[in-house]
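Take a look at the following structure, please.
Chain IDs A, B, C, D and E follow the sequence of writing; residue 1 opens each chain.
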Amino acid sequence: MNLSLLGPELVLIGLGLALLLADLVVPPDRRRYLGGAAAVLALALALYVLRGPGLAGEPAYAFGDRFVVDGLSGFFKAIFLTAGAVVLVLAVDWAHSQQQAVTEYFVLILFALAGMMLAASANDFTVMYVALELVTVTFYVLTSYQRNRVASLEAGVKYLILGALSSAFLVYGIALCYGASGTMHFREIAAKSAELADHRLFQLGMLMVFGGLAFKVALFPFQVWAPDVYEGSPAPTTAFLAIGSKGAGVVLLVRLFGNVAPELALKWEPLLMGVAGISILYGSLCAIPQRSLKRLLGYSSIANGGFVLIGIATASKAGSAAVLFYLAGYLFTVLAAFLVISMVVQRLETDDISALSGLHHRAPLLAAALALAMISLAGVPPLAGFFGKFLVLKALVDQGASFPAWYALAGVAIVGVVISFWYYFGVVRAMYWPESNGDLTTLPVPPLIQVALAVCVAGILALGLFPGTVWDAAVAAVAGLRL
Amino acid sequence: MTDLLFIVFAGLALLCGFLTVANPFTRSPVASALFLVLTMVWLSGLFVLLHAFFIAAVQILVYAGAVMVLFLFVIMMLDLREEERRQWNRFGVAAGLIAVAGLLGITVLTVVRSGISGETEATLEGTTPLLGTALFTQYLLPFEIVSVVLLVAMVGVILLSKRELK
Amino acid sequence: MSPLLWILLLPLLTAAALVLVPRTYSFVIRTATLVCTAMVALIALGLMGDFDAAPVLEGGYRWVQRIPWVPSLGISLSVGVDGINLGLVVMGALVAFCAACVSNEIKERTKEYYVLLLVMTGGILGAFVSLDLFFLYFFHELALVPTFIMIGVWGRGERRGYAAFQITLYLTLGALIALIGLIALYLQSGARTFDLVELTQYLAANPMPVARQVFIFPWLLFGLGILVSLWPFHTWAPIGYGSAPTATAMLHAGVLKKFGLYALLKVAIPLLPEGAKVWLPWAAWLCLGNILYCGWVAMRQRDLNLLIGNSSVAHVGFVFLGLASLTWVGVTGAVVVMVAHGFLAALSFALSGWLHGQSRSLDMTKMGGLLKQLPFVGAVMIMAMFAGCGLPGFGNFVGEMLVLFGGWNSDLVICGGWVPMRWFVAAAAWGALVVAAVYMLRAVRTMWHGPRAEGWASAADPVGLWRKLPFLVLLGSLLVTGIWPRVLTDRIAPGARVIVEGVGRSVPPPQLAAQRVP
Amino acid sequence: MHVGLEHYLLVSAALFALGLLGVILRRNLLVLYMGLELMLNAANLALVAFSRFQNNIQGQVMVFFIITVAAAEVSVGLALIVALYRKRQTAHVEDLTSLKF
Amino acid sequence: MKPETLAWIILVLPLLSAAVITLFTRRQPGLSARISVGAVALAFVASILLVLGYGRLHLGPGEMLLTSVSWLEVGGLSVDLGLRLDAMSNLMLLMVTGVGLMIHLYSRGYMEGDPGYSRFFASLSLFMFSMLGIVLAANFVMMFLFWELVGVSSYLLIGFWHERASAADAAKKAFLTNRLGDFGFLLGIIMVWSALGTVDFLDIQRALTVNPAALGVGASLAGVLIFLGAMGKSAQFPLHVWLPDAMEGPTPVSALIHAATMVAAGVYMLARSFVVFNVPSAWPGGLDFLHGVTALDVIAWIGGVTSLLAALMAVQQSDIKRILAYSTLSQLGYMVMAVGCAKPDAGMFHLLTHAFFKALLFLGAGSIIHALHHEQNIWKMGGLKSRLPVTYWTFLVGTLALCGVPPFSGFYSKDGILAAAETRPLLFALGLLVAGLTAFYMFRLVFVALRGVPRDAQVTHAHEPGPTMLWPLRLLALASVLAGFWGMEGVLQGVFGRATHDSHGGWLATALAPFGHAPLAAMMGLFATGFGFALAWSLYGSGPAHDPLPEKLGVVARWMRDKFYFDELYAVLIRVTHDALAGLADWADRWLVAGFLVRGTHGTMDVFGRVLRLVQTGNLQTYAFAAALGLAVVMWLMLM
């Protein structure tokens, strides 16, 4: 057994513990630096993971093969760590304005991060469940962190109940899968997946597991919580939910449908297509009349979940790689958006779109970054979002030759994108279009946030302008899938 | 004998479960909590029938003991009585019933149709050492993760219920 | 390094550089934009001059250069032009320069404006020099976002919000539909490359099954059709142009809108010849919608920009007709119309922009007898309007004439043959010669002739050569292409021939070979 | 009658449904939460039953984890509900609708 | 210098003049006029040199000089920028540059002091360029090109006083009506090209000589379509409505464009492409019912009808320029009829003579108008004979020539046309009727406007204009007298390859030739003219203060005066066709496409969004229910 495979996770957990201890000795006004240090470390870990074992070569196993380090997990870990780093930066800035314990917030982020990374490496239903629960339980606290705000508490309760409900489905599903296959181990299930795919009990179980994971990704029919929780939670939490929690769900979906039971993915093509299509439409349509920025991104996250699921539904390596790329682009885009939103919410104490009016004047950097993020989310070249959508659509069209219904899904995706232009560009409009607005005072942007924004914008541009490297990495990451 | 016990335990567990969620006589959360405890107890009886003695014990200790006490404690602390005042939404109830019945029906049908019962024999014996071995060898990783979960829960609970915010 | 790369990169790099310039240095910003666009235009003109001397590289293209981008997906930034692209590139570059010239009407937030203008220019020119399907789409979309912001921020009128959204959503819809078609083409051809040259060669050797072509073609046809305001997907155009700032309207109506037609011509038809044969008869019906219906709509417009917008939609119909004819003459004519109409649309919008700058209104019913007061603008606009109704001496005439000649000889079978293509040509000729003349002349009559209208006392002509330059350049281009069309046709015809032959049509179309006297 | 796997499964399914019913119907957050616990217990029953009939300990291991995690979850959840109650003086689902549409 | 070079110079000179005036000398009216006049004078001289030089080449009939540069070469379509020099184009060159020179000279005086003086001369030069282009064009496309340019320059000239609503409207009307004709012209050209693969006149001629059926089933249709172009330009019924309105332009313009040259372009084109019409009847399916009717039949009848209608309308007009305009219409109808009767030489002959005397008449009218400070109503004139003697006498010469009184030029050319129609009794009778009517309305004009007593105080102050305006009158009068003997007829007949009759018998023989070879036509024509004159004399000789005709003819006279209500008819037609369609299209665009489809989709999406988000009640039990129901449905679909 090679414990070093767990290195990043162990470091994170250790860091979390260390921060908890440090909290005792560091004076309150200095605790922000703890978050900063954690961010730097997360970024360093991300770089380590990118160069670490398994990303390109053969997968490595630990703990009775229940923990796997392969391309897929490596890719997602890099995503999670980057997200974590930026969210920590955001949290440092955010915590500054809270009259509340801050170190715990950083610690919880770190633990959630560890949970996501463990989930990415899970090769067994038990590990998967426990890792996911680590993420979920942490997020219960993170969402309701501002317990002097009713909205935050309400978001927390909603996330709690619905999260627990989805966990219940997940657990029951795991039970059924276990009953049908006689094992919790992914590899053993994969070995007999061909016959299991026809096993009704296994199908039922996997449906429930899918339901549980769909909750994380905010997919229909488990999508309803997302807008409420996004709106109510503190901005850093929302950002982390949008990319981290979603990513954890996605990596498990990819692993389950790509590696564990690919036959099922083929069999369930219509289901996954339908869910993807409905999610896209639901998210896009509901976002149209939205005025709250965070809520808007909640709906948008549903639609984006749908796009991701398209890639999974294609049950092809190209599709899975597209998912990976898509999420990588989504990472920078959403983080940039939330960095700006968090700034705006803190300074202006509202997240209504109209609050953005005149932002290009008050904080050109924020406005430009948010505009880029929105345009990238909409999928316009030369930004990351475009290439992600392109890859997903490419994977989709590739299936069209065998099953024309895919073209219908393409139609739905197009409609979704067009509608998404509507609301994303509505945000751009709010910032740039001349509206009479009395308050034109300059909004200060802390240097740390500027750096984070620069990183995100660079990511958005780099993934759009030079997608080759990441795409090749994504292709290598899914090379081990049994598709 | 086992079959009879199964019928008794299962029937009681279902009955108490039903009374937990839909007690026709009272909607007091205390009653629900108590019936839930009973359900747990009968369930642990079923676990015993399944030769999962350790789990049965844990079920009683953790669930019926710790968790439910926590529940009762909170109920008492919050002094909840409001639900009784409110009207049932008939449409909501009907829709909920249909949805749940659908889920149940599909699950049951699937279980029945899958034909898993015929071939399998109840074979697993002497489970506690086996469980311990598994836990600390193959399942060491989740075991450790769970510790982090518990830590998180601890931190979270403190954060959420600390009276004064610093 | 291929000069085409310079054409493509100069505006984009300048834009990137301008981002770093402080916003108060508006003179520097404007000068840099002008110099950049002028250089691009000069390079493009230089290429036009060197065209015959340049070596023909793969696939009939010149100045080809390929920079791998994502090799694993078969995407590379490859540039190259044949006569067809070159015409459009030169047109686009000139229009971009003129658009930069007329942008002095912009007084607020000039930095953002010029950056967006340059991005738009780069995108447009990039789309025309790219020989890679992916970048074709890429650059087109790149040009789209600036359109949205420019209309929204510097646009005019109450409806500019609606217009900006409509134009963006509509064009995105079209682009995405076309993207699905392009991807399907990429995947189902089996070539697994986005490179136009390689794809063409591959498909020439291994043609796709007819059913597949017939399936893919409509995605491209309708997707690109939306981009070029094919009837009935045209309503975004007049509103959008009516609300856009002058330069945006010039670039969009003049150049960007040609992209869809260009892609149809260079991608859809040559790569999917069988699909084209099945679907183009339907397009012929729709192009009637453009020519006649939009012509009639234009007759009813009171706002000058809406008139020009509708007329520009109508002109698209000719290009479609020329493409649908699938004859050498017709296709060549279609490209000539594309180029000439680019100049014309840009000129018209530049003029209407000037008028708007003078009075803040383009309501034609409130104009009258302005020729006396604005002799220069009036004269140029009257000439533009004459060009718009296909008067000889302007490039449009040559193109429309070729389209009609080509269309007449087309052997396209429409509706099982009971509606001959020739009826369409006749109707199109009616639209070009009569309907267009009606609305153009009515407009001239209302705006420029007759008794003087109130409220125009302060209106004045542009003063000085510098201010007149954009109008003169565009008018001059129209005249040059009209008086000496070989400057275009000699370069376009070989490219058109390749396309028409690729579709399997005989090239010399007339039934009786002429016994010409030497 | 010979009690077999399917009987345990049916009981477990029924319990699961009862728990779900509680989640959907009961308005009190605490009771609602009890429904969730019921669902988890149903899963536990199924797991133990499978474990026994599959001659495989993994199911029971899973149950062990589920119980542990559930305990942690419950503690956090209850703390949350308490915090909410302190703020809003209610633990009623219908009072928690400020975030909507 | 080679004739080809001269031809190019002739063509380019006016263009240069237009360009120079527009670009550089706009602010120096005098210089502009000099440039313009100089250009056309040089062109005239060059034309003479060209004709002389051409004569020395000793080309046989039917041979010609060609010079060309390839203008467009795509696929099977090859268009040359070609000039074709043969006897016909030479004559036209002389006529156009000659009459043009006269009119340029005249305009210098007539337009004196107008603020748009330079613009006027620039437009005139542009017009000369376009007209010369038509004359020299060697192929259909070239001709069409200049054809349209002529339309534009006429638009500019008619609308010269564009601040005047009526002038602006007239210009628009003229252009649009011409466009209708051009629509047919272009389609006809396309049909010819499609059948023969060439647009070159010479090639077409060769192809059709080898095989007259080469045009295929569309032969007659193509002919009629091409003729449609001529109908527009030469204002043939039913596209005649623009010409009278075009009199809104300055009078020299009316003389140059709407009497001598531009309107003649239609006839010239018919003659130039005569070979296309002169083919056996052939109609495409759907038009089979016209079987047996040739394009020439259509042309002849349209020409005849036009000439009659126009003559009738002229009878009741009171505006001096309009009378002349209708007269022009009528004469153009005559020419077209001649072409239709397969005698294009006769038509061309009349065209040339008509150019001189009609230009003369218009300039005379201009001189009168100028003298009367832009008074154009003949019922406010009278008694001008003594006050404007030169004008009067030259005008009389023009009238006599127009009426076809020997030995004035009109007699010979008109006789040729009547002779051509001899074989068709109906058309012949029609022609005679028109001849009589012509004499009637022209002498009505002379009697009312020029003779008798002044009816308006203004007349008493009238005096002759300066020499710049009088000399052109004199020169044109001379030409009007002499053009008939000149031998043009023979030359023209040579062009169309027909036997020339004896033109060697000295001037007297030539002068009396019509009586020799077509005695019936000549005699009947003279008789009709005399009858018309007598009628005019009896009605107007006494110098009545009002027109006595309306009382005698009643409603018919009113119809004549109101031009048989063609303008009104067209107004209605346009309203029920294009304006209605435009309204319909606009409505559909606004409400169906932009409204229902676009805004409707937009609104539907918006409503969907608003409705759908009501799912988000905020109540988490709804969410749980939704999840459970969704999962149940999914399970049902996947497992049941």
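What we mean here is this: a residue touches a chain if its C-beta (ideal position, glycine included) is under 8 Å from a C-beta of that chain, and two chains touch if they have at least 3 such contacts.
What you see is a predicted model; the values in this text were computed from it and never measured.
Q: List every chain that touches both chain A and chain B.
A: Both-contact set = D, E.
Q: Note the shortest touch-path length, in steps, from chain C to chain E.
A: Between chain C and chain E, the shortest chain-hopping route counts 1.
Q: Of the chains shown, whose Cα centre falls closest to the middle of all protein Cα atoms?
A: So the chain nearest the centre of the shown protein is C.
Q: From the C-alpha centres, identify the chain that is farthest from chain E.
A: Chain B.
Q: What pair of chains is linked by the largest number of C-beta pairs in contact?
A: Pair with the most C-beta pairs in contact: B-D.
Q: Name the chain whose C-alpha centroid is farthest from the C-alpha centroid of chain C.
A: That would be chain B.
Q: Could you state the distance in Å from the CA-based centre of chain B to that of chain E?
A: A distance of 100 Å separates the two centres.
Q: Using mean CA coordinates as chain centres, what's the gap between chain C and chain D in Å?
A: 64
Q: Please work out the Cα centroid separation of chain A and chain D, and write it as a whole number of Å.
A: Taking the mean C-alpha position of each chain, the two centres sit 26 Å apart.
Q: Just curious, how far off is chain D from chain B if you go by their C-alpha centres, in Å?
A: Here the centre of chain D sits 5 Å away from the centre of chain B.
Q: Name the residues of chain E that each touch 2 or more other chains.
A: Those would be 613, 616, 618, 620-621, 624-625, 628-629, 631, 633, 635, 639.
Q: In chain B, which residues are in touch with two or more of the other chains?
A: In chain B, the residues touching two or more other chains are 92, 96, 99-100, 103, 106-107, 110-111, 116, 139, 142, 146, 149, 152-153, 156, 160.
Q: Could you say which residues in chain D touch two or more other chains, in rising order?
A: 5, 9, 16, 19-20, 23-25, 27, 32-33, 49, 54, 56, 58, 61, 65, 69, 72-73, 76, 80-81, 83, 94, 96, 98-100
Q: Under the stated touch criterion, can you name all the chain pairs that qualify?
A: All chain pairs meeting the touch criterion are A-B, A-C, A-D, A-E, B-D, B-E, C-E, D-E.
Q: Quick check: in the complex, which residue numbers of chain E touch chain C?
A: 66, 70-78, 141, 144-146, 148-149, 152, 159, 162-165, 167-169, 171-172, 175-176, 179-180, 182-183, 186-187, 190-191, 193-198, 200, 202-203, 206-207, 214, 216, 578-579, 581-586, 588-589, 593-594, 597-598, 602
Q: Given the complex with chain D, which residues does chain B contribute to the contact?
A: These residues of chain B touch chain D: 2-3, 6-7, 10, 13-14, 17-18, 20-22, 27, 29, 32-33, 36, 39-40, 43, 46-47, 50-52, 54-55, 58-59, 62-63, 66-67, 70-71, 74-75, 77-78, 80, 82-83, 86, 88, 92-93, 96-97, 99-101, 103-104, 107-108, 111-112, 116-118, 120-124, 127, 130-131, 134-135, 139, 142-143, 146, 149-150, 152-154, 156-157, 160-161.
Q: Inside the complex, what are the residues of chain A that reach chain B?
A: 6, 13, 20, 28, 62-64, 66-67, 99-101, 104, 107-108, 111, 114-115, 118, 124, 126-127, 129-131, 133-134, 137-138, 140-141, 144-145, 147-148, 179-180, 199-201, 203-204
Q: Note which residues of chain E are touching chain A in the complex, please.
A: 605-606, 608-610, 612-613, 615-616, 618, 620, 622-624, 626-627, 629-631, 633-635, 637-639
Q: Hey, which residues of chain C end up touching chain E in the complex?
A: Listed in rising order, the residues are 166, 170, 232, 234-236, 239, 293-294, 296-297, 299-301, 327-329, 332-333, 369, 371-372, 386, 389, 391-393, 397-398, 401-402, 404-406, 408-409, 425-426, 429-430, 433-435, 437-438, 441-442, 444-445, 448-452, 484-486, 489-490, 493, 496-497, 507-517.
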